[in-house]
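Just so it is clear, A, B, C and D label the chains in written order, and each chain counts residues from 1 on its own.
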Amino acid sequence: MIQWPGNNRMALLLTFDFDAESVWLARDPENAGRLGVLSQGLYGARRAVPKLLELLDAEKLPATFFIPGWVAEHHTDRCKEVRDAGYEIGHHGYSHGWADAARPQAECDDFDRGTEALDRFLGVRPVGYRPPGAEITRNTLTMLTDRGMLYNSNMLDDVYPYRHVLPDGRQGPIELPTHWSIGDANYTWNSIRHPKVIQTSEHIFTIWKDEFDAHYEWGALFNLVLHPQMIGRPSRVALLRRFIDYVRGFDGVWIATCADVAAHIASLDTKG
Amino acid sequence: MIQWPGNNRMALLLTFDFDAESVWLARDPENAGRLGVLSQGLYGARRAVPKLLELLDAEKLPATFFIPGWVAEHHTDRCKEVRDAGYEIGHHGYSHGWADAARPQAECDDFDRGTEALDRFLGVRPVGYRPPGAEITRNTLTMLTDRGMLYNSNMLDDVYPYRHVLPDGRQGPIELPTHWSIGDANYTWNSIRHPKVIQTSEHIFTIWKDEFDAHYEWGALFNLVLHPQMIGRPSRVALLRRFIDYVRGFDGVWIATCADVAAHIASLDTKG
Amino acid sequence: MIQWPGNNRMALLLTFDFDAESVWLARDPENAGRLGVLSQGLYGARRAVPKLLELLDAEKLPATFFIPGWVAEHHTDRCKEVRDAGYEIGHHGYSHGWADAARPQAECDDFDRGTEALDRFLGVRPVGYRPPGAEITRNTLTMLTDRGMLYNSNMLDDVYPYRHVLPDGRQGPIELPTHWSIGDANYTWNSIRHPKVIQTSEHIFTIWKDEFDAHYEWGALFNLVLHPQMIGRPSRVALLRRFIDYVRGFDGVWIATCADVAAHIASLDTKG
Amino acid sequence: MIQWPGNNRMALLLTFDFDAESVWLARDPENAGRLGVLSQGLYGARRAVPKLLELLDAEKLPATFFIPGWVAEHHTDRCKEVRDAGYEIGHHGYSHGWADAARPQAECDDFDRGTEALDRFLGVRPVGYRPPGAEITRNTLTMLTDRGMLYNSNMLDDVYPYRHVLPDGRQGPIELPTHWSIGDANYTWNSIRHPKVIQTSEHIFTIWKDEFDAHYEWGALFNLVLHPQMIGRPSRVALLRRFIDYVRGFDGVWIATCADVAAHIASLDTKG
């Protein structure tokens, strides 16, 4: 369905939503006083990102880190390590709050505050956006278009990238869709107030593998959505390494950043 | 317990509840503004149904698609593809709302609106009904009888089809029962507000296989309840293909539409 | 820890909580109008119990059925089949309501109504009780003692049977303890309003097997708590058969009714 | 990252939160009247701890038991067995209530009441603390520092121990971090009001094993958090034995008490 560059028959994105504590603070303001709850997020900044950078470097792989402005502000040095290692940094809002369709201005404000923080603390101007919690409103797409964003990445409605069209007929951003099954959150997210059974690495690998095999057959975009605080636990860095090894056994897999894939899709538009 | 046609010792139904966005809209009106949530449903219409039609066609298998009126209205072309490929189209309400025993008229209104939409947009007059969410009231059976429906399909009270008898003694529709374990929803339904751990294809296959083996032994009706937005994910189309392959290894399995099975059961009544 | 009869080194109870619709009605009165929800319970009466009786008969195994008075009243013929096949019938309340520590009289009333229904409809006077939902109050034990009940079965505080002692020093009933892990409910209970992922038979078998092995080593009481509406699904009758086969591979397992085990424990008391 | 004593390349802690009924009472005061719910906790005191002491003794392993004051008061003899067998006894509050950031005095009061109970009933003065429910506030660390506690153990923010630094610059306790995945609660905790699917021992072992392998590679601290009422079920004592066997296959694993590891880390500080 998609003409991938070169002889590639599918594309694969390694994406990391580097949320740190922001994801916990945004869901429940009371978490600000709960150091134990926050510590799960802090793990991402303190321990997980360095381990993941080490793995990516050893494997010489491109990747995209979606970073909320709050994280750029509170974990600036760690974010600079990501930037300086050459990985794409994407937009992930400021506060990691979920967009509320009833309050479009609040969504824009949080977005703009995120843009400003990424610029101020990291000197980075991202070209793509991942809406926190995969919560997207009609406003989201207009907002991204007005701000010239190249891509959005969190819709679940396809396995091939496509270009959004706004209600007024304008061309919107490129969409890089994904699905809950090809990520880490569904299998590993747990807190004492919202307990969920943690799954084995074998469970997670099997689903990723089955999805990868089918994506390969379909020539689709495999958009792996990871969170350092989850995938960065010791056994799961090994899981990610195992999955990368598996993928490397296939010819014709274009492993790229979100920006590169989006630019490629945009270029097909132009040709088409 | 049932005399199946020919030398068959059991029957198998492949059924698809083609809900698209309606299932999300009906459960929470706020979802209307949440494009990310809706996108999971949209996947069913955009990508899953074509892939499933391809599989069914390659396998030359009959199937029944239960389509809410809302979906016939909003995804008319996709529904026509289902119709034109010759699959049975069953009734699935208009809005995919759950029947409320306290509001029988609302249930009838939604049903009638669904009938009208299926007729107007698809020119189809279904002979059977699958109540959304397996929510069935005493009114449901009277409603179906008054409208001359041949069958209902969502009760969990048996593994053999049977004829409903109304409180007033009238004969109601044929029931084609099923169970949560032989479907996809229990293992795959997930949303950020109601997270549930997504299961491996192996998990799902194993339960279907164990149930199939036992249904075969019992001579029962295996009523597989699938949802394009769930079973149509890449790895799960492969799962369904694997299950079909497994079933094909058995002699004496009557794979049929709901309408055909219901008509057969009705004919036994007449003979009996 | 326990001197089992003969050369036995452990005891095993096959117990069936034959709740039918009562378990759904008791948890939510609105379920009275939800035929789909109730149909899961109805399966127990219509299809599961006959299949389970068939299995028990083929295996020549003793078993105990705990039957709420409501079920004796509404599924009288099915209950008589259980009784006439010679299985022990235990007390399971009337309505399957959970005991409320704040309303001891309500607990007694429901219990007495259950006693009356079992007597009236089945002519049975049970000697033991299983509190619905494993909800037990301080009143429960006094209530059972006052009524001369031999045993109670639902505490989770041991793997060996023991005699309760009341706060006033009186001897209470024998306890036949169990645990959620050695039953079917935890792995299979599911409804659309409280969805839970259904587990494979392999998952369930593995836990039962691991627990059985350890109970065998410990010389303990393995009190298997099953529900016809759950364990009676086609694949799960096969699961139970598989587990019975497994158990039969061991020497020294006393498979008995609850009444027999309780009487044995009581006799040790007397000797001791 | 850490210089472990001798030739060890990692450290492993076997820790048991001996909560008995307190964990149920603290979460819902109504549980005081629910003997069935409490019985799961009682199992820990009555049956599990003796079985675990037997295993630890057979394996000649050090371990740390975190005991709420309430448990020292209500299960004094059992706690004395733990103490007399030479295991470290750590602080686990009095009531097992979760710390509330808005009520620091209540947190201190519960802590001090726990200290007093451990002293009065057991004659023990613990040097380390495990905050119930991994709920930690800013007050927690000040409270521990003011009371001269050597260590805290429940943060999720690292896999290496470290020293806390208070906001005012004072050195706080050593942290012995852990994670939900390397414990028993996430996989086994279940109650009828908050049901969660119980996992197989294989599931649990696999995650512990994968984590252990990675901790070994990283030279990290593997802080296994167990609860007698959960890990003490028959099949799970076997699981723990299996895991210990697995660990024993590795050279260079320092199995120690929390106090010993914390003292070691503190000594590195001094040297450093």
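Convention: a residue touches a chain if its C-beta (ideal position, glycine included) is under 8 Å from a C-beta of that chain, and two chains touch if they have at least 3 such contacts.
For clarity, every value in this text was computed on a predicted model and none was experimentally measured.
Listed by label, the chains that touch chain A and also chain B number zero. Where the sister copies chain A and chain D meet, the same residue numbers recur on both sides for under half of the interface positions. Separating the CA-averaged centres of chain B and chain D is a span of 49 Å. The distance from the centre of chain B to the centre of chain C, each centre being the mean of the chain's C-alpha atoms, comes to 35 Å.
Looking at chain D, residues 197 sit in touch with two or more other chains.
Chain B makes touch with chain A in their complex at residues 30, 32-37, 39-40, 42-43, 46-47, 188, 190, 192, 195, 197-198, 200-202, 233-235, 237-239.
The touching residues of chain D, when paired with chain A in their complex, are 101-102, 131, 133-138, 140-141, 154-160, 177, 179-181, 186-187, 189, 196-197, 199, 203, 206-207, 210-211, 213-215, 217-218, 220.
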